[in-house]
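In the two complexes that follow, chain A is the common piece, with chain B as its partner first and chain C second.
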Partner chain A sequence: MTRADKTEWALIIAFPVLIAAALLLPSWMVNYIQVSLGTGLVALGVMIQMRAGLVSFGQGLYFCVGGYAAGMAGKFLGITDFFVLLVLGVVAALVISIALGFLLRRYREIFFAMLSLAVSMILYGLLSSSEGLGSTDGFNLPVPTYLFFAPEGDAARMTLYALTAALTVICAIVLNRVLRSPLGMINEAIRENELRVEYLGSSAHYAVHVTYVIAACVSSIGGVLWALSLGHVDPEMTNWTTSGAFVFVVILAGTGNIIAPLVGTFLLEILRVYAVELSPNTWQMILGTVMLLTIIFLPKGLWSLMGRKPKAQGPSPDGAVQPGE
Partner chain B sequence: MLTAVAIAVDGLGFAAWLFLSSVGLTLIYGVMRILNIAHGGFYALGAYASAWAIGLYMQTGQPVALAFLIIPVMAVLAGTVAGLLIERGVLRFMYGRDEVLMVLVTYALFLILEDVTKLIWGTDSYVAWQPAYALGTIDIMGIPYTGYKFMIIGVAVVCGGALYWGLSHTRVGKLLLVVIEDREVAGSLGINVTRFFTVTFLVGATLGALGGALTAPEISVVPGIGAEIIVMAFAVIVIGGMGSIPGAVIGALIVGLARATSVHLYPPAELFSIYLVMAAVLAVKPYGLFALAEGRKI
Partner chain C sequence: MTVILETRALKRTFGAVVAAHNINIQIHAGEVMGVIGSNGAGKTTFVNMVTGYLPPSSGEILYHGDSVVGLPTRDITRKGICRSFQIPQLFAELTVIDNMLIALTIANGARPALMRRAVTPELEERAMALLDRFGIAHHAQREVGVLAQGVRKLVDIAMATVAEPQLLFLDEPTSGVSADEKMDFMGTLIAALKSTQTAVLFIEHDMEIVETFSPRVVAFYEGTILADGPTAEVLANDKVREFVIGGEFHRKSETEGGVH
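This part shows the complex of A and B:
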């Protein structure tokens, strides 16, 4: 409990720090922070599922659903209000994830991983071949307004940034509570042994379904925020390689703490900017190598390096390392 | 009627190509319990190697017939070298780990392979149309089909038959079936399980590279073809039941016909018809048509 509370305090403190960063740092840097907060939320969606031992190789689906729902509302209905777009994105993800959850909750391990991938590729195929939505090029989003407030220039950017930061912090705190809730505990038990969970009277299917829906909603918020900050959506959002990048972040950062994937996403974003510029053809190779080394030497991710040293630990059980630990 | 024939022929063509590209994936999963995402990398490697070699060969002005020999040679070369490096260099240290973890490991390897391909052959596209052109066309009810398509169907039948015969009628194949059934018991009976793993991985990798190498003359080889094939190959093997070779045949036929049907009747559906069929099959048979039974762990 105490450690978890520390996490929430850290998140609350992070908000003014993020705002201060926007005022002090150069604007290109602020852009990267904003973009990585959006994708960071999707990584959080991947992470809470990984706590239940489920690796979603298709989380890009809800990232894309959020972005496209907001974009289509702007394009076809002329809605520009930030809050309406956000709600539409989440509702779209909610409806789709509840429906798909009935199929996916029956699967575990690689079947879950690859089915979530296949489902996201259905959307990819649909969007790539629908000319009304710009096929593979996607389309642009409107500049958002806020209730009756329609800022321009710097003020518009700052408003969107502040709201993005606030929403990310709120989502992270809510998810932290979810992880500590009975549902979160059941998820950990499902990862260890699902059959015993059932014997103890809890429904594993139900817990997985609810977790899947929560992850979808968080990812769609990330999708809306990301799309609005870039002002553009395209089907690449739901391609499986995008989803793979989210999984990569969570593996690298670890699932030990809700903050880890957020920080990991930001670091990766910065790293990507430099690596793509320096050597565009070896960027994926660097990613892959880092991922391999992390899996082999730091199975619990980089976060496991934080603050574990002072405590004398027993021999860690190496042999059967689960990806979700 | 004409459309029905066109769908049947195109469907068979797709199916043959899908079978060749996915049978290595199902073989490796069946024996090693590794869902090898790097398979897409082998496919791309095979396609690049053969397109590049055919291009070089054709520049010398020699007869095109020998170019057909280049395809399997480059596939075996690419599959063996990359497969050996990956299996001996990385995977053998990870045997017995969790299946999901192995997916992540092979995903990392896939990313590395993608860039290795780019480093060797650059990001330009390669075309090697000469072999496909050399076989001419065959008319069926007035519709011209490339002879090359029928050659791929033939190769798929031969490969499938050879795998089936090898598994059920040779000593090595029967030993491999024991390894698939229970690797611990197989080891205690004196079977060198690790060697079977290495050989299986090499055969699987070579089949993946062969799928790419055979496709190369029909397409323009560009970066990203590996990422495309892996999701389709996955759909094929999951429909048939992962690890089952007859399943891969059925899966390839179902997916191939579904894709041909949508191409002829409603082209925009081409990309997602595959996954739609997969979802439909899984709704009825959750682990595919020929899935192996799994015990529950308490």
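This part shows the complex of A and C:
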């Protein structure tokens, strides 16, 4: 087992900070944090694919699969246990992503983006026309229980929040390790020059497939957490606008560090709140302007501000760039 | 010497165009061999076929007696056949050391591990040692995209050697290197490769380099082999002089002897 790096320590420290935030901040803010932790995991899924040069415009698919798997288990099977719902959401995403990965791993750039979008929109169409699943209105989820523990009121809210925070931190640490692993390194190489990766003796298709499945599983965890937080799922989870928002977050935040999309998701939520407050009918224009300014002035996202060094500083004495650091 | 690679009646067509036909070559363990021929003669097509980038239209490629036809490039690389490129194929936005670390990481395992840290001090040490062997260790922290062509070529070749291949193809290693530096460049390269006992086949247009560094030469012309043998014999061959070299090249021995 490798030792924790700075990013992982920051994530570990973030957990008690998140718990403290829940006790100190107003409830509306805590709700935004909880929701953005769920969607932040989907943004992480988008981010790890972007490190391989793949832009998924259909990550909402797995966000939705996770949420609907948990919701359907509750609705049709009467399962309310948080951990069982979580496992079901991940298993559903795992099975679907392994199957779809055989197709998607063959495509790159705009073809990958459009194909991932197309697949997510197929699910959107199916769910929107499924009366048993509430069509476009979706349906509600049961209040989760935790093994033999069924908290109520504030205790229920706090338990779900704490588990959401813990799972987000765990997923982020795992993904940080993936980015530093041989797979993470090969993904960067695929983004730069896939031909050379093959000529060095590695299968780019295999690396892309594994990355796609990991991104799907993480996104499905985000979907389960988000659905349980709001107590509701609907087909909008897999609509292209939702998937686009995840891409927006990653572009806004950058792919330089695993923490960036999590922070970016929260910033987007806050930005959206204030944009709606400021201009209820044209709030999207404010988001668009922020997006444009980010692309123009910070093409590598907000996280690039963290990595800027004084010009006089020489190259790092300890050698290579550590992905994820 | 042991034959490590043998091609039999190798042919490749693109529609009506015959890019290579009746290519019969034997490559022995540890030998250095030059390949000459004008543009379009079939040299790179031959390398592309042997390394799995292009499937041959017909014919056989035997590596240690086993056919490698139909195998993907990565599997052929893992068997011990590697190559460098006429235009260096690097990870341009990364540093030289990162390029080497990626090559070493891939060489260490076909299936990338998920939770193990890729970069270790030992791996960095190996990467630096390889760069040092090619005389480019001082460029380790520089981004590949900003390097001079000669250095990029050496990085490209160094990356091709990390898997310790038994057979290495170098596609025009000195192209883009200035005329003054070509000899030194090739000297550095061959010296670095000699220590590995790798069989080297290099495609080259500069006949002085071919004559200096390769005891054996294969001359390609219009997709087929015009001559194959000791360098002195091939370069003295009338057909090779007429169709491949042209009239302007005079062998070192002739020049030294005053024959023009």
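As a working rule, the second predicted complex is superposed on the first by the 304 of 325 C-alpha atoms of A that agree within 3 Å, B and C clash if a C-alpha of one lies under 4 Å from a C-alpha of the other, contacts with A are read in each partner's own complex, and residues count from 1 in each chain.
The rule is simple: contacts are C-beta pairs under 8 Å (C-beta built on N, C-alpha and C of every residue); 3 or more make two chains touch, one makes a residue touch a chain.
Quick caveat, the model's predicted, so the values are computed rather than measured.
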Touching partner for A:207 - first (chain B), second (chain C), both, neither: second
Touched partner set for A:27, first chain B, second chain C, both or neither: neither
Which of chain B and chain C A:292 touches, first, second, both or neither: first
A:188 touches, of chain B and chain C: first, second, both or neither? second
Of chain C and chain B, partner touching more chain A residues: B
First (chain B), second (chain C), both or neither touched by A:196: both
Contacts of A:130 with chain B and chain C, given as first, second, both or neither: first
Contacts of A:284 with chain B and chain C, given as first, second, both or neither: first
Doubly contacted residues of chain A, that is, touched by chain B and again by chain C: 193, 195-196, 319-323
Residues of chain A defined as touching chain C within the complex: 2, 174, 177-178, 180-186, 188-189, 192-193, 195-203, 206-207, 210, 214, 315-316, 319-323
Of chain B, residues touching chain A in the complex: 35, 90, 93-94, 96-101, 103-105, 107-112, 114-116, 118-119, 123, 227, 231, 234-235, 238, 267-272, 274-276, 278-279, 282-283, 286-287, 296-298
Contact set on chain A toward chain B in their complex: 53, 55, 57, 103, 106-107, 109-111, 113-115, 117-119, 121-126, 128-130, 193, 195-196, 239-241, 244, 247, 251, 281-285, 287-289, 291-292, 295-296, 319-323
Touching residues on chain C, where the partner in the complex is chain A: 51, 72-74, 77-78, 82-83, 89-95, 97-98, 101-103, 105-119, 124, 127, 140-142, 159-160, 162-163
